[in-house]
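One chain, subunit A, links the two complexes that follow: it is found with subunit B in the first and with subunit C in the second.
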Partner chain A sequence: MEDRTDGRNANQLRPLGCSRNILNRAHGSARWSQGNTIVLAAVYGPKSGTKKGENPEKASFEVIWKPKTGQIGKQEREYEMILKRTLQSICLVNVHPNTTTSVIVQVVGDDGSLLPCAINASCAALVDAGIPMKHLAVSISCGLMEEGSIILDLTKSEEEKLKAFAYLVFPNSPLSVIDKVHSSKEEPIEHGIITSVSYGAMPVSGYFDCLERGRAASAAISEFLRRSLQKQSSDDASRAAQ
Partner chain B sequence: MEQRWANTSRLTINEKQFIEEALRSEIRVDGRRLYDYRRLTIKFGREDGSSEVQLGETHVMAFVTGQLMQPYRDRPNEGTLAIFTEFSPMADPSFEPGRPGEAAIELGRVIDRGLRESRAVDMESLCVVAGKSVWAIRVDLHIIDNGGNLIDAANIAALSALSTFRRPECSVGGDDNQEIIVHDPEVRDPIPLTIHHFPIAVTFAFFHEGNTLVIDPHYKEEAVSGVRMTVTVNSNGDVCAIQKAGGEGILSGDVMRCLRIASLKASEMTTKIKAAVETYNAEVALKKVKRHPSLIAQKITVPDVEMKEASFQKTKELSADMENSPNQTSTSLTTTKDRDTNASIGRPLNWDPYSSSAPAIVSSSTLPELVGTSKDANEDQMMQTDEEYDPNLKKDQIGSATGVSSGIHKQNSPPKSLKDAVKPKHKRKKNAERGAR
Partner chain C sequence: MDVDTGNMTQTNLVDKVVVPGDVVLDLTKMENQTIKLGSGLRQDCDYISVMQAGKLRLSKPNKYWVESSQKRYVPRLEDTVLGIVVEHRSDNFLVDIKAPNLAFLPVLAFEGGTRRNIPKFETGTLIYARVVKANGIMNPELSCTDASGKAAEFGQLKNGYMFETSTGLARMLLSSPTCPVLEALGNKISFETAVGLNGRVWVNASSPDDVILVSNAIMRSEFLSGTQQRIMAEKLLERLQKS
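On to the complex of A and B.
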């Protein structure tokens, strides 16, 4: 198995970095970095009114994706749509009906796995803003090599060379005070999958391998996410009033 | 959209009156004096030509990119410079996505006049083949956080990014001497832009019918004041641009006063920007040095043998230190370059969990090539940052120790399970702590 260009092996992730509450005006903000891919996400909390096509009985989300340079094109619109659907499924939309929550994503650096990085950043920003959520979401990119092995957390050059890869989003199991009595009967929540975007053609077995690997890695990322979110929760002040 | 209007944060009458009254006694909302700037922080990103500026609460990012394009017909031997401003909706709840509003266009124009029309950036050096191919430089300004005084902050961001931007070297060649070859940055060093002078924008806000004026208004002060004026001057005292769009009239004596204050502020600001750019350039140069270890190897082969034992100890200590004292390591996972710890970059990112087993694997063959990572010129710099690890280390031992640990990183590659995919917990904590700042 050949070495990857930056010396990692197949299962190694790039160094993760997360900082919260970095902007003054936004209600919630987070900066997430995976190696050289850095994304800044900001959230403006529930504002009154929904857009025309949205269901007024639920809270709606609006995602604005800002690339680093250049015009906004179809790729950005696609990312916005995927991000919106993902966030809608993890947030409790019945708590604040007829409101719009805006999530703004700014790409600061792009070295592969841009969409997973953005999803992780948006999740952290939503937590920073205090938007009610069912559970957190963690996202990872998995690539399928020719001989069938899986590599995690792709860089840009790897994405360009690989025949097929996928971005996967898994739920993060919520910590709860009450012990789940029925946990033995049902599948644990991490076995679900929220979003999957695949590029290129891959055999079905390859896709399932990606899912397995991705799920295992998502445990590590969600551990990191929880730790970094819990650490900073002490100095939160309500900024919605300003 | 009316909903957006309803969602903007509006100042209450009490706040407005308070700000105005306080200014009568020369007291500002954040405790500054009338002619004080807020704290300025300039950070640079990983690539050339990207900067992040924080002026108090205002946060602006600038990215500079270059492309080869055809020149304008009336200026066939000059490059082009274009400024694009993005008022990101994350900066202010009232900023809407889509077409830029008046304020965004005004900001773009003021910076454009200051930079391009005052000929601060040399355009003729950007010409490759006259009439056919010139460099088109594009500056993208992203307003991330609106804390007031966006023009000044964006101007500083644009200047810093342009100062650190490097364009690839290109030469004319090929069969008919018309082909343009763009050299790879690894092969030939990219070239910086020629900047003749630094036009600094200074924004003034006027209150009480022009009787009180403040510099660097906060966004609440901007909302209260009716009149604003931006003056772009450079440290030579040249006025590059003046912008006063609408609002009440100001006496011409006041305008002259503003120009004088602005030229003072401009020289201060220019020194700050130049200092930040110098530090960044020094770090970049430091990183490049490690590419030529063969030059130094001959010098150190002799003491090499004696130091092997010592360096084993040192690497053990170093690795142990790195594992246990997360705040001190230089292996930064942030993109900002102003942190001191970034300076001792003889080694790649040390997020590898294998480094704790370092001493066992060092072989004599790795030492000579890697000991060379420390040149005499750099040892001073590395000395400063490595002091945190172990003040008792001698200069050359530090060099060899850090050189050795980078070799270790490359050597280890036994197959590991998924558990090792994760960095050890204390390393992650460091990120979170760093992020908490």
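On to the complex of A and C.
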């Protein structure tokens, strides 16, 4: 197995960072960083009224993707569509019908795994805004090397070199008071998958390997997200006045 | 936190921080009990799961809710809120209360209100009102009278200064016993204040200095403990040589 340029091993993620409630005017905001890939997400809403093509019996989501430089083009529209579908499936859309929630994503730094970072940031921002959700989403990028091994959390140079890679979004692992023995007949919720975006050609076995590794790593990200949500609420209490 | 089928011990999430997706109650284990669910929880077949992140609270015997603080407000029955008039329609005022929908305030919902003496509220008027109808789907409805039809301090708030806060700070200001920061300020300054559970606070005092002092003290007190609030308020009062 060749070494990765930044010295990580195949299963190692870059250092994660998450801070919430950073924008004063937004109803919910979060900044998520994975190494040098940093994304800022802001949530406004729910606001009254839906757009013309949307179903008024459900809450609708509107995503605006702002790249770091350059004009808005097809790539940004594709990211907006994927993000919108992902957020629609994790939020409860029947609680506030006929409303629109806007999510604005601003790319601050791009060093690979941009879409997973944006999905994680948007999910944290939605939690900060108090939008009702079924569960959280954690996202990770997995790349398939030539000899069939999998590497996680790709940087930009790795994405450009690899033949095929995928962005995967999984539900988080929930805490539960339910007896694990009784519910072992059903699949635990973290075995599901919300979104999968793949680039390049890969064999089916390679894709399933990616899924397995990605799912295992998503448990670590899910734990980090939970700790950052808990820490923030107790940090707030210890923030003293100047 | 192990689960032991023999002893029926369960992980108890009460008073812990929960995130959306956590399952907090298993209804199959609790038969013949009535459980009241407050904000942030929903029923999913046989389980009660969390919709919003926050701290899970239990008020004995059977009321569960998730305590969280947001910048927007979800209307609940019998809450007192501060609204801003947006428009005047023929039979109600449209009022913004920081909720997903605009609220309606009927023109007759005032003490002694008849078609002859409809109050003239312009756009931008600040109103202290009570929520009388709130479900997730329709626009909420307000009223400027209490349950028996009397005015009871509801209505337009004149002069003073209004600022926005989170819903958590508004709840803390309205908690009993009196919030420490309000008590510490009230010992030295005379002021009046109206707190809306939708995250709006109005302060009025005889001089602008006092209004600014009280507003700043309230805005800074959100994340402080009781003693810290008292110390902060006293420092501010000293700076203006009131003590």
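By definition in this document, the second predicted complex is superposed on the first by the 226 of 242 C-alpha atoms of A that agree within 3 Å, B and C clash if a C-alpha of one lies under 4 Å from a C-alpha of the other, contacts with A are read in each partner's own complex, and residues count from 1 in each chain.
The definition used in the following text is that a contact is a pair of C-beta atoms (placed from the backbone, for glycine too) under 8 Å apart; a residue touches a chain by one contact, two chains touch by 3 or more.
Predicted model only: the values in this text are computed from it and were never measured.
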Now for A:55: first (subunit B), second (subunit C), both, or neither, which partner does it touch? neither
Taking the superposition on A as described, I'd like to know which of subunit B and subunit C A:149 touches: first, second, both or neither. neither
If you stack the two complexes on chain A, which partner ends up touching A:133: first (subunit B), second (subunit C), both, or neither? second
Of the two partner chains, subunit B (first) and subunit C (second), which one does A:47 touch, if any: first, second, both, or neither? both
Looking at the overlay, does A:5 come into contact with subunit B only (first), subunit C only (second), both, or neither? neither
Per the contact definition in the header, classify A:205: touching subunit B only (first), subunit C only (second), both, or neither. neither
Is A:106 contacted by the first partner subunit B, the second partner subunit C, both or neither? first
Touching A:157, do we find subunit B (first), subunit C (second), both, or neither? neither
Looking at A:171 after the superposition, I want to know if it touches subunit B, subunit C, both of them or none. Which is it: first, second, both, neither? second
Subunit A residues where the subunit B and subunit C footprints coincide 47-48
In the complex, the residues of subunit B that touch subunit A are 3, 6-7, 9, 45-47, 57, 59, 61, 63, 65, 84, 86, 88-93, 97, 138, 140, 142, 144-147, 333-335, 348-349, 351-352, 409-410, 413, 415-418, 420-423, 425, 428-429, 431-437
Interfacial residue positions of subunit A with respect to subunit B in the complex: 3, 7, 9, 11-20, 23-26, 29, 31, 33, 36, 38, 40, 42, 44, 47-49, 64, 66, 68-69, 100, 102, 104, 106, 108-109, 152, 213, 216-217, 220, 223-224, 227-228, 231-232, 242
Contact set on subunit A toward subunit C in their complex: 27-28, 45-48, 92, 95-99, 127, 129-136, 171-172, 174-181, 189, 225-226, 229-230, 233-234, 236-241
Subunit A partner, complex, touching residues on subunit C are 3, 5, 10-13, 17-26, 42, 47, 49, 51-55, 68, 70-72, 74, 100-102, 136-137, 220-225, 228, 232
